């Protein structure tokens, strides 16, 4: 394992310390590293709290700040944060208008956030499940929440800043989640620091189609295909799943998994955009970069969110976080 | 008829914690096949935390409900994996089932045991046959209840529970997971024992030992 | 080689097409992919043009836009752009106040930019050479320009936006370059698409100290050290080279080489910051991310720029490019 | 006394281009040892572009200066590597050296040749001994001038140049690079021939063939 670290046990806290030190103008760290929060709160605004396993940086800590989250709870690598973290975060950032938890659909996360919600007053939850790689079929667990979570957090974050109340915010988040589809492909495995070796073996000429952001296996193992062929299959899965909804304006988000350089991500964006536009989708907003990662995994995901005037407006609204910033 | 007091319950957590440490690597290995290889770590962490938390209580001044809630909370906050909320809910429901009692008799313990299984099922929403710890816990709870109803004492009831759990865990090998991390594997999960079911056997066996020996 | 691509020959242009399409609100592509330019020019402002080999994305195209560059000329991977590119870019973005070329100190780049400058009127050049890994000694070629180039482009870009004329801009750029030191370490090699295999071999337990951004060998090969030990050596080289200048406010920039995740970069930032502050440097500005990359190389560099009031003001000034954005 | 017209110069670029294609892999391999393995590609690309550009000119209506400047520009814009500006400058200086002539006599060619070497030196600012193409070009230019001064014809002069280039390239093996990419290697560059010096031998040899055979 080749990583910049001092010891497996301190990777997370040292990284969090560095993160908050580098962004001390807008962020504070909670006691015992339980959460990252905005330095300045806006009384009367619904508090948005997300979190999940670490290893997906900049998600979620990188999205704390004006126009997005109020707090993020980092779990151990690929492991849910525990309810005491969410409770401490809620206590720190809820100014009285209630809390909205944004949770990726993994059982560990869902159950931990559920317990925190049950132990609190005035909490609503949005569970994101944008990954079309896992087909709905017989699996009651349902789809995973992946890169589309960023889109939900951005749009709901802007709406909260705009003054929306808890119930309409939850409705908006669910609507954005329903309008969002993602799928990813891995070229290499990630290496979890505590494991010290790659999560899965993959041959030089192979790729894993429909991989999750924790190195979970995907739809199938395949030989390494061209960028166009990969984009074709991912886009077909997204379009097929969206069905009639895949018409009109959309946000196209090409996300790197941590080990894939921008040059390749923009190339994938180029392929995917051409495919979507051929199918009647108008790419009116774009995001390309490594925002929802899987440690050092080489690979990428493609996310499409169908937009309307309201969600476009909230996407465009000013945001000032460590990882996403515009308009201010 | 045994009488279980809070000191005994505290010792029960110590016994489970010891058993989990011993079983850790096997559970991680099982989880490595169809999950993320951390189940043994999670269970050891959770029960060690629970053991320490209940050991810190003043047994004389604590009722079983408080002890079980303390265990639940410390387990929950120690473990980020799925097993955290599942076992925390189990102990919270167990705590509720014995509310108001200062010591527990045989049937109280069986009620506590059944409430634990129910708590896991409510939290995880798994049905038997989905290849989870419920495939050990549900038959175990049923067996304990039936044994008690048929006149067995606590030792006999927990003995029946342990055996049912073992059989249930064994049966998960033939199941395709439809809950939990392994559910994404589809048919690839066939042939492997569910780690949560395997650890349930260890937990139940340790409870039996601690409460009846 | 595992990369998202269709063919080695088209990697660059497909990626550029995607890049400009994703940022069409602020960017335009020159004919024959010769340059990337701002969509809207500001007449009377000195035109800032940079460029260099591709494979360092987001450098330089990602820094074109308000408050930074007016155009960037992408060469082939790790190969200088040719003078016709610089000339075409200058023709497109020079509104009459002259052009400033910002060039990293590599002979290919320097000679190509020199020829373009000789063929133009009213061009000045800044050559960045912030890499302390190559000791000055007998090598007349001098130091390489690496991640510090971003800092020069940002500060000079803001000053140009502010209305500074060509001569003072060049002086400012030279001053920032002189106040800047960088050094990098590689954990893995990069793989150039045309080569199809890693540029250098490196063992599982090894790292290359003082590596360049093209996979050039560094000071020495060493066994993989802890993050603190690596930071200690890099910071010592930077501090030693700055000498008396290493006092007071500074920008600390921890840069990823493309294959290293943010979690590790923030951890390195945490280590480096502690070391610099212990030596009397006050870290008043920070930047952490993969901005000056070496394709898919795992590794990072640490850059320190000593700041004064003027350079701090220009660092803070609004910028709106694909890769750096704040204040607007 | 030969007379070199623009058609002959155009053929010279074709000859060099062919030689470069043949030599490509060897030059890449040499560059792979102490540089970035692209020198053969750069030289092939540059001379192919120059060949095509001058072939497209109307030889009858073009003077040597225009032809050489055309070659320089097309070489320059085809090659991003260091060799681009170096050879482009060489041909631009060569063009300037024969300005006003419509055909070239023996001494014009030698002047052109010497101007090329001077151009490379001015552009790259390398001194002999720094392990660059200058270690082939500088002795070659000197040898050509001396041969011509001692009464040799163009064939003899370019023959002397080619031999000096070869000896110069050979000598780079014993040098530590202090210019160009290889300079970062320090002592590690010892024992290897400089790729730019190696290709210079090929260029000069091709020029000799094309202008004197």
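A, B, C and D are the chain letters, set down in written order, and residue numbers restart from 1 in every chain.
FYI, a residue touches a chain if its C-beta (ideal position, glycine included) is under 8 Å from a C-beta of that chain, and two chains touch if they have at least 3 such contacts.
On a predicted model such as this, the values are computed, not experimentally measured, just so you know.
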Problem set entry | Between subunit C and subunit D, centroid-to-centroid distance (C-alpha), Å | 33
For this session: Please work out the Cα centroid separation of subunit A and subunit C, and write it as a whole number of Å.
Result: 29
Problem set entry | Separation of subunit B from subunit D, taking each centre as the mean of its C-alpha atoms, in whole Å | 82
Seminar exercise, completed: Among line, ring, star, complete and other, the chain contact graph is line
Seminar exercise, completed: So the touching chain pairs work out to A-B, A-C, C-D
Exercise. For the complex, which residues does subunit A have touching subunit C?
Worked result: 2-7, 11-12, 14-19, 21-23, 54-55, 57-58, 62, 187-188, 204, 207, 224, 226-228, 230, 258-271, 273, 286-288, 290, 293, 295-296, 298, 300, 320, 325-328
For this session: Mind listing the subunit D positions that touch subunit C in their complex?
Result: 36-38, 76-82, 84-86, 88-89, 123-125, 130, 178-181, 183-186, 188
Seminar exercise, completed: Within the complex, subunit D is touched by subunit C residues 53, 75-76, 78-84, 106-108, 111-112, 114-115, 134, 138-141, 144, 195, 212, 214, 216-217
